[in-house]
Amino acid sequence: MNRTTRVWRAGAVVLAAGLALTACGSDDSSGDGSSSGGDCTEQNLAFLGALTGDAGALGVNMANGIQLAVDEYNEDAECEVGLKKFDSQGSPDKAPALATEIVGDDTIIGLVGPGFSGESLATGKTFFEAGLPSISPSATNVTITEQGWTTWHRVIGNDNAQGAADAKYLTDTVGASKVYVIDDAQDYSKGLATVVKDTLGDTAVGYDEIQVGQTDMSATVTKVTAAKSDAVFYGGYYTEAGLLVKQLRQAGWRGTFMSGDGAEDPAFVKVAGQAGNGAVLSAPAAPAPEDFAAKVKDDTGSEAGLYTTQSYDAANIFLEALKAGNTEPKDINDFIGSYSGDGVSGPISFDDKGDIETSTIYAYMVKDGELDTENPTAIE
Amino acid sequence: MSERTRVLELDDVTLRFGGLTALDSVSFHIDEGEILGMIGPNGAGKTTAFNAITGVYQVTSGEVRFAGRSLAGLKRHAITKLGIARTFQNIRLFGSMTALENVLVGADANHSTGVLSALFRTAKHRREEDDGHERGMELLEFMGLASRADELAANLSYGDQRRLEIARAMATGPKLLCLDEPAAGFNPQEKAQLMELIRRVRDRGFTVLLIEHDMRLVMGVTDRIVVLEFGKKIAEGTPAEIRDNPAVIAAYLGVDEDAS
Amino acid sequence: MNFSFLVNHIVELSITGLALGAIYALIALGYTMVYGVLQLINFAHSEVFMYGTFAVAWVFVFVHGTTSVNQTLGGTAGLLLLSLLAAMAMSAAIAMLLERVAYRPLLKRKAPRLMALISAIGASFALSELMGLRDRVVGWVGLRDDLDNYVSKARDVYTNPVTIQPQTVFTVGGYGVKDVDIMVIVASLLMMVALDQFVRRTRFGRGIRAVAQDPESAALMGVNATRVIRGTFILGGIMAGAAATLYMVKIGSTRQNAGFIFGVKAFTAAVLGGIGNLRGALLGGLVLGVAENYGAAIFGTQWKDVVAFVLLILILLVRPSGILGESLGKARA
Amino acid sequence: MGVVRENLDRVARRYRALPGPARVALVVLLVVLVYLLPLLRPPIITTNQIDFGGVMFAIAAFALVAVGLNVVIGYAGLLDLGYVGFYAVGAYTTGVLTSYHAHWAFFLALPVAIAVTMVTGVLLGWPTLRVRGDYLAIVTLGFGEIIRIAVTNVEWVGAARGIKDIPHPPNIGPDPEPPFGDGGLFTIPSLQWDGIVPSLDSGRETTFLVFGAVSAVPYYWLVLSFLILILFADRLIKDSRVGRAWEATREDEDAAEHMGVPTFKFKLLAFALGAAVGGLSGSLYASSQSGYINPQSFPLLLSILFVAAVIVGGAGNRWGAIIGGTLVAYLPERFREFADFRLLVFGLALMILPVYRSQGLLPPRRTIRARAAAEEIEHLEGRDEAPTEVV
C-alpha cells in the first residue's frame, strides 16, 4: 500500500525552539541497541516508515511487530539486537535523508521497511547502492521490484495479485455484469484500479477519477447511476471510499461496493455509516492469529493491527540470518534470497525480483455497521 | 508667438466619464521655454487635463500633440520617455528609497540597461549608472537637497519631499515639466522660494505647465494662464489680462453664470 | 471529453452543483467582508468553517449518541436547528479570536499587509493542528475518557452519527430533485439575503460600508473602526457556521484539514464574483459550484479544480475586478 | 529584539571597518566553513535521527527557492502563492528530458528546464499580472494547483507514478558499482564529537565526488554553489536600473509609470526571473539523491511555506530569504522529537513573529542604512528625539 501523508507534508516545522514542549510527545528511537556481552558489537535493525502524521497508526502497527520479534530474540541471544525507528511521516521527500542516515549507521544490519510505496521508490537506490538489505512489510506497488534493486524484498503480495483477485471476486462471487471503476489518481490507487479494469474487460462499463481530499462526489455519483452499474470498484483510501459509498447510497444506488486494502480499515465504516453495509474490502493480508495478537498486546501494550504480522515476519528473517552467523550485508542479503519458511502471515519465500512467491488475497465484509476483521474470505 | 516651437498642443479635447463631461472641447498650447499656468475652481478639470496629457486617461475626442506628435494610445511611461514629466498633487515619492534613488528612477527613463548588462556589468551599464548618479546629485544640489541624498524619501520634511518630486521629474529629462499644485501646504515664505525655483527651472531650459490654486503665485511666475471652469476653457491670456477678465472674476467670486 | 453526458444529465449536475456552490458562497462571504474592511486575505477563515463542522458533529453526538443511523431530513430538523446555532456560535467565536489574536495586534502596529497574511497563515496552521491534536489536549486536562466520543482518533475523519437520507421531492427532466439539495440552496439564499439586508439597512451595516469605503473619514464621522472590524469577523463567522451546518447535512464527515479545500474554493468564489461584493460572493459561489460539476462531467472528476481555476483566470481576464466588480459600500454606499 | 538588531549592526560595522584583504579572507573562510558543515557535524546544530547532509541539502534547496521567490515578493511586491508550480515545472522538465522521454545528460537538461520554467512564468504572468495585486495571490495559487493536478493525471509526465531514475550529475572519478562498490576518487570521513572533542567517524563518509544515492553531501555542494552564484546575480541585478524599477513599482506603481518605468514589463521580468530560480531548484531537486519525483512532492502547502520563508526572513532582503529558508527547512528536522507538535508550534510562531518583528527577522538592508543616516543627521543637528521606525 502506498499512502503518503497528503497535506501536512514537507514542511512540518518548528520555528521557535524555545517553546517549552519538550515534555510532550517525544518519540525517540526506542532501541537502546546496547550490547550485553563483552565481545558483542552493537547491532540494530532499522524501521523506516510513518510513525506520525496522517498514516502514523499504520507505522506504529509495523513497529510493534518488529519490536516483538526483537524482544523474543533478545531473550536468549548472546548478543542483543536493538531497533532504531525512523519516522518518514510516509513522505517520499523526507525519506531519502533518513535512508542516508540509516546507511551511514554501521550498526544497522538490515531494514524492515520502507512502509509505503512512494518512500520505497524514493529510497530504493540509496539502500541498493549502499548494499543494505531490506524487507518491506507493506509496500505493494508493482514497479518497486522491477527496478533491479537486488537488496529489496517484500513479504506482501503486490497490487497485481490483488487487482486480479478483486476483479475475479466481482464477476464470480458477486456476479456483477456492469462494474464502474473509480480511483483517486494516486499511484497505488490507479495501479490497483487499472489491474481491476483490465481484468474485467468489457464488464467495466465506466471509469472516473476523483481527487484525494475531495468531499463532494456528486458528479461521480451521477456517472455511476447513469451507467446503471451493479458494482463499483474503488481504488483509494478509506476516507474517500467512505464518502463515495455514502453518497452513492444517498442517491439511491444499490449495487455492490468494493475497494482494496487502502480502504480496509475500521475507519471506512466510521465515514460511511450505515451506507457501508455490504461493502467488500480486499487486502493481501490475513488477520493476526489470536495467540499472536495476545503476544503483541503483552509485549508492546498495543493491539496488533494491519501489517503487524508481516513486520514481525520480516524482522524474524533478519534475526534468523544473524542466528545463522551472518553479519556482513552481502551474506545477510544472500540468506534472505534463499530464505524459505512459514511466518505468522503465511508461507514466505522470495522470487528473484524480491517479491513474495505465494500470497493470498482476502475479502473482508462490512456487516451491521462494522468491518469484520476476524473472518475474511480467501479469494482463490 | 508663432515663431516659437509649440511643445504641447491640446486640440479640441473632450473627455467623458459615463455621462459626465470632464473636459469639453478644450484647446490650448504651450510654447517652448514658457511657463503656462492652469487655474480654475475645484472640479474645473485641471487635474483631468493634466491626466489627459500624461496618459492616465485617453481622450474621448480631439487630440493631444506633443512636439507635433499625437499622444493617442501611448502608455504613460512612453509619454514620459517622449519628454513629459509630472509631479503629483498629493506627494507620491517612493518612500522606502533614498532621495538619490528616487531621482535615479527618474534618470533611468533615459537608460536601457537590462538584466544581462547588469549581470555582466557592461560598459554601457557603468556609463549609465555614472551618468545617473552625476545627474541625480546635480539635481539634488540644484534643489538644495544634496545633504539629504541618502535619507529615505519618507523621512524628508514636507517641503523637501515637494522639492524632491520636482527633482525626480526633472531627472527624466523632460521638455515639458508638469507641476500639479506644487505649493499646496506651503507658507508664504516657502511659496516665494518656490516661485524663484520655478523660474530657475525654466531658465535651465524646461517648459513648465503649472496647476496652482494660489493666485498670487500663478500671477507672479507664469507667462500665460489658461482658465478652466466646468471642463471648459473660459479664458486665456497673460496674467494681467486674466486678472481683468470678467468671466474669471465671476468664476472665482462664485457669481452665478446667468447673472454675468 | 463527454459532452453528451453533460447534456443528458444537466439537471442533476446543475442542482448538485448549485448546492455545493451555495456552501462555497456562504464561506466566501467571510473572505469578502473582511477583505472589504481590511483589504486583507483572511487566510484562516477556512478554519473558522472547519470548527463549525465539528460543532455540528458534536451536537449530534451529544444529543443522539454515537450509534450510526439513517434519518430523513425532516426527522432531524430539530437537531439540525440546534447544531446550526452551535456551529454559528463556534465559528463566530473562532473568528472573533482570530481578529483579536492574529489581526488586531498587527493593525495596531501598522505592520505591512504581507505580515498580516503570514500571521493568518500561522493561525490557520495552529487552529487546524489544534483540532488534529484534540485527543492530546483533552488527555492533558484529564478528560480523555469522558470526552472520548468527541475526541475520537483526532486525525481521522470524524463523522456525524446521523446520516441524512435524501428524499425525492419532485422530478425535473427525469431527475428526482432531493430535499437536501433544495434545503441547502434555499437556506443559504436566505442567509445571504438576511446579511445583505443587514448590511444595507442597519446602523452597523452602514458602519461596515463606511469603513470599507474610507476608514479615515469613517473614523472622523464617529464610526468605531475596531468594533466594526470585530463585527465583520463575527458576521463572517456566523455565515461560515451556517455553511458548516449545510456541509454536514450534505457530506456528513469532517476532519482537521477539511477547511483547506473549501477555503481555497470559497476564496476563489469571492474573487470570481468581485471581492468585497456580497452579491458577487453569492454569484461567484454558485457559478463555481456549477462549473465544477460540468467540468467534472466533461473532463472527469479529477479535473474539477482545474476547471475552477481556469474559469477564474478567464473571468479575471475579461473582467479584472470579478463578475460584479468590487464593492462593499463603494458602488452603492 | 532591539538587542539582536544592535548586535547585528555592530557586527556589520566592524566588518566594514576591516581592510579589504581581511574582508575577503573572512568571507572565504566563512564560505569554506559552510561547505564543510555537513562533514564537520558540529555538536548541537547537527541533527540526530536524520542525515545531516540530507538536511543541509534541503536547507540549501529551500534557501535557493526563497532567494528566487524574494525577487517576486520582496523586490517586485507580487504575492505569489503558487511558486511550487515553477518548482514542479523545473523538476518535471528535467525528469522528462533525462529519463522519461529522452536520456539527456543532467547538465544539458538543466538550462532547458530553466528556460522552460521562465517561459511558463511569462505565459502565466502575461495575462495575470494585469489584474490587481491581491487577485494575483489567488490566481497564482490556482496555477500551482493546476500544475499539480495536471502532473497527477497526465500520462505523458508519468501521472501519479511520477518519474524515476532521473540521472544524477556526472561523477568525478570512477563510477560506483552497486550494491557493493563505492567508486569515486577517495572518501572523506566526517567528524564525530564527544562533547567538544572531535574525532574521525569512519562509518560516515562521503565519496569524492560521486553523485550517488548514498551520500547527500555532493548534492549539497552543488546546490550551495548554485546558491552562491544566484546570490551574486541577485545582487548585481538589484543594484541596477532593474532593481530600482522593481522597488519603485512596489512602492507606487502609478508614480513609477509616470517616471518612465514600464511597470508591466518589469513585473513580468521579476516573475520570469523568479520562475527561473524556481525551475533551477526544481531541476536540482529532481536529479538529487533519490532521482525520483512524483506529484505529491509539490503540494500547495509547499508554496505557502516558501512564502513564509521569504516573509519571515524579511521580504526584500536576500539574506533574510536565506535565513527564512534555512529556518523553515532546518528546524523541523532538528526538533524531530516534537513529532506531532511541529506544525502547531510552527503556526504559533508564525502568528507571534509579525507582532514582534513586523518587518521580518532581517528587514531589507536599506532600512539599516537609512537608520544609520538618520542617526548621523540627528547627531549633526543635535536633536535627540528617537528616530521613527522606517516604512
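Residue numbering begins at 1 within each chain, and the chains themselves are lettered A, B, C and D in the order written.
Here, a residue touches a chain if its C-beta (ideal position, glycine included) is under 8 Å from a C-beta of that chain, and two chains touch if they have at least 3 such contacts.
Just so it is clear, the model here is predicted, and its values are computed rather than measured.
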Far-end chain from subunit A, centres as C-alpha averages: B
More contacts between chains, A-D or A-C: A-D
Per-chain Cα centre nearest the global Cα centre, belonging to chain: D
Computed distance of Cα centres, subunit B from subunit A, in Å: 73
Centre-to-centre distance between subunit D and subunit A (centres being mean Cα positions), rounded to whole Å: 35
Distance from the mean Cα position of subunit C to that of subunit B, given in whole angstrom: 49
Multi-partner residues of subunit D (at least 2 other chains): 149, 152-153, 312, 340-341, 343, 346, 348-350, 352-353, 391
Sites on subunit C at which at least two other chains make contact: 136, 300, 302, 305
Pairs of chains, among all present, that meet the touch criterion: A-C, A-D, B-D, C-D
List of subunit B residues in touch with subunit D within their complex: 54, 56, 75-78, 80-81, 85-86, 88, 92-98, 101, 104-106, 108-111, 113-115, 118-119, 121, 125, 128-129, 132, 150-152, 154-155, 168-169, 172
Footprint of subunit C on subunit A - complex, ascending: 7-8, 24-25, 54, 56-57, 185, 208-211, 213-223, 226, 238-239, 242-243, 246, 250-251, 267, 270-271, 273-275, 369
Contact footprint of subunit A on subunit D as seen in their complex: 49-51, 53-55, 57-58, 149, 152-153, 159-162, 164-165, 176, 178-180, 203-204, 212-216, 288-292, 294, 296-297, 299, 301-302, 305, 312, 327-329, 331-343, 345-346, 348-350, 352-353
Residues of subunit A defined as touching subunit D within the complex: 4, 6-17, 19, 21-22, 24-29, 51-53, 56, 86-87, 91-101, 103-106, 118, 121-123, 125-126, 128-131, 143, 147, 150-151, 185-187, 189-191, 209, 211, 329-330, 333
Residue ranges of subunit C touching subunit A (in the complex, touch as defined): 5, 8-9, 12-13, 16-17, 19-20, 68-70, 136, 140, 153, 155-157, 159, 161, 163-166, 178, 180, 250-253, 255, 257-258, 260-261, 292-293, 296-297, 300-302, 304-305
